[in-house]
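Going in written order, the chains are labelled A, B, C, D and E, and every chain counts its residues from 1.
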């Protein structure tokens, strides 16, 4: 489930942001705790070996290794690579969300143009909406783990009522070799929805050609948005870029696990205390790794992370709401004066 | 109230920006004073304990702790995380404002297409506008504290005249279990407004189908914008990201409260003065915390902070102005030559 | 006047950018000279007191103060705060300019659809354009100092011919208590312009309903753009953000005035020369303060700075050009072959 | 082939990003391994010469050279130049992808407006789609290596069935001197497609002028998008900018090959170990060079790199899918109640 | 000529970017060589004076000056100011290019709606296109050096066939005092083009009012785009901003010319070599100055730099292509089955 925290941060108090920290689901804590533990264990083991197992001369060799790495750790450009990459990823994430598809407009335009309370009119409206929703589900099945799990086969779509058996048959009849890839079958339910408008016009439920064209334009807009979800899925940011970011941060801390060891006062006069726990490196680890986690979550928001888009909830919302709109085309209050009416 | 300071900064004088500093409402001062005081008190207590309570050897231990933290404070990447996050938040804030909904266009297009000064025509126009406004209020009630407080129940909407009793009844009749979440009922007043156009056309107040379609398109645009306020509310930026930013800044200063203690000259030769007040750390605190506050305010602009969007004022403006437009469709000056007319 | 320097930088020579430096109007020099002088005087006074007035022991105390600040000056995060803020401000400034309103399209579309050279047709066209321009002037009066100064009262609009007396009366007749705020009266001239199209259609000057609708759409687009100037004015960037930026830079240099004092060689062996003039701090001051000035100018481009938008020139341009277009609807060259016509 | 890794990163586990690292195709490893080897060899040779060949005094000279460069290496501003440039390049890359052309909408709108299952209607639809696709292929031939290799001459287009011989003849008949450059012939198939709509309307397959205009608008949108691929190809980012970035990184490491040599303990007391392999410089090399590779790949996504756009696959998808859509205009399920239908 | 290097960077090899470096035209080398030489000469002269002319005590004074500057050079914030400014400039440059005007759509829509191969129809189409192109040329003459040089007077437009004598007379007849500024005459050819559509409709070459309106909308879109070239030219980025950037970089290197002098080993023990040539400062100079050059070229892309937009080539392309399209409205291949047609 997408974690909604807007209510908590509505007003800015000194403790506002603090409260955010005590969330677990979808939190930075949940995201990085495993990595952090591993990091600390490895650090601890190395530290223990260095301080207890190694002989004095070996210790000195190890210490010069520490110094070697410590001085050069700054060569690795972590901050800026993360910063610029996160900007790119957030932009992409925002675009994806903007095209994800809320069906309200299809419902309302169907109500506007396919008029009447007759059963036939209702069927037309409901089918248009259902076909549009079907289009969305088919795409979601291919890009979202959650929806795939909910609808592992097309038959489950029939079982849940999103498709009839006849429709599935018709859908499958298009099956050809190279349709599998590249989403070449997503257009089918969109085409059905468009055909519905044609027949509704022929049957007189749509009152003018212009209305029909508007209706069709809205369906095409819907489909185009949905299609871009696929297209963005087809061509992600070049693999190298996330690889690079991943590499930078991970190697940084692989080196840090050595370079951040405190040299024993025996061998180096230092006026610093050894608190045995690498507290600052630990904090740095959380921040950088947390930033990487933000990137991971936003890079593909169609997974099953706590904060990924809730595709299934969206499907339920769209179908419930769409059909409810389709069923209530004209139940409008009587036309009468409002309370502010002055004369 | 949104703080408007445009008048003050109209012209660029040396003192222009200075004057901004003497504002209190919505100011950086008001936002951070509490945190700053807490920070200074904690700093002061620690400082007092260190300098007066601790024995000499304990002082030296504490000093090596100070040195330990001071050297490593730079590990925490505050600036860039804040900078990149604030850019993201400002973009989102701008988009929210752009879809917040100013009703003028609905009013003017209603005047254009639903013609006539007859009472019936006025009622049609006023109802269209009222329904659109109702749509906005319903959304605002769910995302804005202020509006929720103003209209805690739907009955208060009736009392304030935004809805009639009949409309509320009709609205409630749609009530189903899973409507509560995901804004599935916002479409109802929009549908009413669309139905109004249909009836107005049937009654001959709208002169052509094309005009009706334009009118409906404008209402749909209005609703789509309003809907995106919800949608953005539904999927905020992943929780982790603000958590991370909050964590970075707060931990930075938790460490700083120790690491920025001045070591007594007894134990360390320093050619610096001890002015007892950590003036630079204090300034740094204000800047970083201030930046965080900017983020807090812009991350959810529908709260009750000084600088959040004034949803209630917007509602009042929209209904007053909308109805005024609806009441004056044709009061236009006589068609006559203007003063520049040359012949 | 907006400073236009495009001609100067058309070609890239080594001296291209240099030449820009010798401009005074709207220049960085003009913007910061006063602050710079103040800064240098304060610096000079402190320097003089320190070196001549203070006794030796006081000097040493002061020097430890200098060292204290100098070491900690880097705590203040000037560069990145400025950099990220300026990006935000430039984006907003660009959007404002894009909606500022050039009337050409209104004029051309009026020519396209309100046909004929008859006096009545000309009057219709001229009135539409004048009403649109009036709408712009009314908004500019509220957001731009320059235009407010030019048209302090609505009567001056009548005197300058942008309004007739009858129109002003009609306009004032809408006056209600809560109209003053939130721009609730800007719609009136837009409504007049829309009514003009209605009457022109009724009188047969517009040949089809579709043309009328296009005409009205263009007027609405114009009004919507103009309205966003108001809306952006109504909700500026949260006050805190510019306050923060202002504070950062000013405090930085308040500290710098002390911390950048050169310690006398008497008390500190230094192999640096004392050139008495803090040349590098002076340069730094110009750069940071200059960046702040860029922000100030772009944050509210409707003031009277050299580089703010020339609202009055725009009004003149729009009315002159708009009326000229309206007067020449059909003066088109005879239809004949062009010189490239081959057969 | 574009490397698709969305599936791998769907959910955020500690090892998610790690797994990405073990890809070879399109990976950062494949991109930089050659450069890295060269860099290491050069580094090794210099190191060997310095430590074994040079006489002691020469060594000392060389060491002062190392120190000279090492101290000044920070002058070269690698990180920020890369960061800002990569942002620009990603934006451009995104825009290119958004206009690359997916033919679905053309197909669906042809189905909507060119009605009927008659052979003639099918031919019209198929031709429209084929001409649109032809337009895309002609552009791809000029900007994409892959497509150029697939269709080295126009005759190959005939052989693959994208063009008929008659069409090629007609196409070639336009050949004039200055057509070659600037893509002046891309409009021809678009014009054919537009003419098809005209004839289809004349033949009665399109039912109204309005539909024809919509159809034509869609084709023009398609062509405009395709055209921008050319336009962006015509005016790339100014040559200087990528040159600069290339120069910065390459020179940085040319200097580094010297400045990062470890000075022998003989001549400089150092408490660091000499591990003979410049591990940190090696890592830094991978990161910076990797960032440059990301830029290279995204700067011109129409090449033959692993992660470049798969223009040929897109062409195949478009033609297969387009024609399939054109062939199935009305095969729509019977209009009947859906399973949720309640009454 | 815009330098096109897309072909060179199509595929990513280790040497891909290297090859870019060997270009001269439009290269970073050509852009900065002059400045670099000047910088090196000044540096050399100062160096020579310091090392050979100055007496020993003067040398020591000079050296303390060097140290003074060297320590403080970092005060000047070059990198970030350049980075943020270049982002702003690239955005503006991209927007300018997107509105620069490619005439294809005008041509194709003229073919769609002004039907027929009759001479009269061709004349109409050709004139519409020519007037649109004229509009572009008039704007280019005012903002682009290259086009101004090609068409120094309006008479040269007649000579080149873009205007007839009668048209020029008509155009000049509008000449009024305050037309000169602010582009108030650019609308004239656009108005002519719009009038053409009106007459073509009256003469029956355009088949319906709706088509005429679409045609006019396309012409208005063209004109609006072209107009924004002017508008952006009218209000450039505030002068201060480029001034600031120019100042920062130039002053940085003016200081550097002193502060980067190597102090003779006589006076300062240094374990660095003096290689007499300030190689690293030289590199830094190239990078920063190169970045400035990128900004210069992109800030006003209508000059005569190697990489500026080729306005003249665009004009030639537009007129050639536009007229060719206008001459071939219906030459379309016969409607016949394609090779993939299965039945």
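Just so it is clear, a contact is a pair of C-beta atoms (placed from the backbone, for glycine too) under 8 Å apart; a residue touches a chain by one contact, two chains touch by 3 or more.
Because the structure is predicted, anything quoted here is derived from the model rather than measured.
**Student:** Among the other chains, which touch subunit C and subunit D together?
**Tutor:** Common contact partners of subunit C and subunit D, which must touch each of the two, are E.
**Student:** Could you say what rotation angle superposes subunit C on its sequence twin subunit E, using C-alpha positions and rounding to the nearest 5°?
**Tutor:** An angle of 70 degrees brings one copy onto the other.
**Student:** Please compute the C-alpha centroid of subunit A, do the same for subunit B, then give the distance between them in whole Å.
**Tutor:** 24
**Student:** If you average the CA atoms of subunit A and of subunit E, how far apart do the two points sit, in angstrom?
**Tutor:** It comes to 39 Å between the two C-alpha centres.
**Student:** Would you please write down the residue numbers of subunit D that are in contact with two or more other chains?
**Tutor:** In subunit D, residues 31, 80, 83-84, 87, 210, 293, 297 touch at least two other chains, as defined above.
**Student:** How would one label the connectivity among the chains shown: line, ring, star, complete, or other?
**Tutor:** Chain contacts: single closed ring, each chain with exactly two partners.
**Student:** Touch as defined at the top gives a ring of chains. Read it off for me starting with subunit C, then subunit E, then onward.
**Tutor:** Listed around the ring from subunit C, going to subunit E first: C, E, D, A, B.
**Student:** In the complex of these two chains, what residues of subunit D are touching subunit A?
**Tutor:** So the residues of subunit D in touch with subunit A come to 2-6, 9-12, 14, 16-18, 20-21, 23, 26-28, 31, 78-80, 82-84, 86-87, 90, 94, 97, 102, 104-105, 107-109, 111-112, 115, 207-208, 210-211, 214, 271-273, 275, 280-281, 283-284, 286-288, 290-291, 293-294, 297-298, 306-307, 309, 313, 316-317, 320-321, 324-325, 328-341.
**Student:** Which of the residues in subunit C come into contact with subunit B in the complex?
**Tutor:** 31, 34-35, 38, 61, 63-65, 67-69, 71-73, 75-77, 80-81, 83-84, 87-88, 91-92, 120, 122-124, 126-127, 130, 143, 145, 161, 164, 166-167, 170, 174, 176, 178, 181-182, 184, 186-187, 190-192, 194-199, 209-210, 213, 216-217, 220, 223-224, 227, 231, 233-248, 250-251, 255, 292-293, 296-297, 299-300, 302-305, 319, 323
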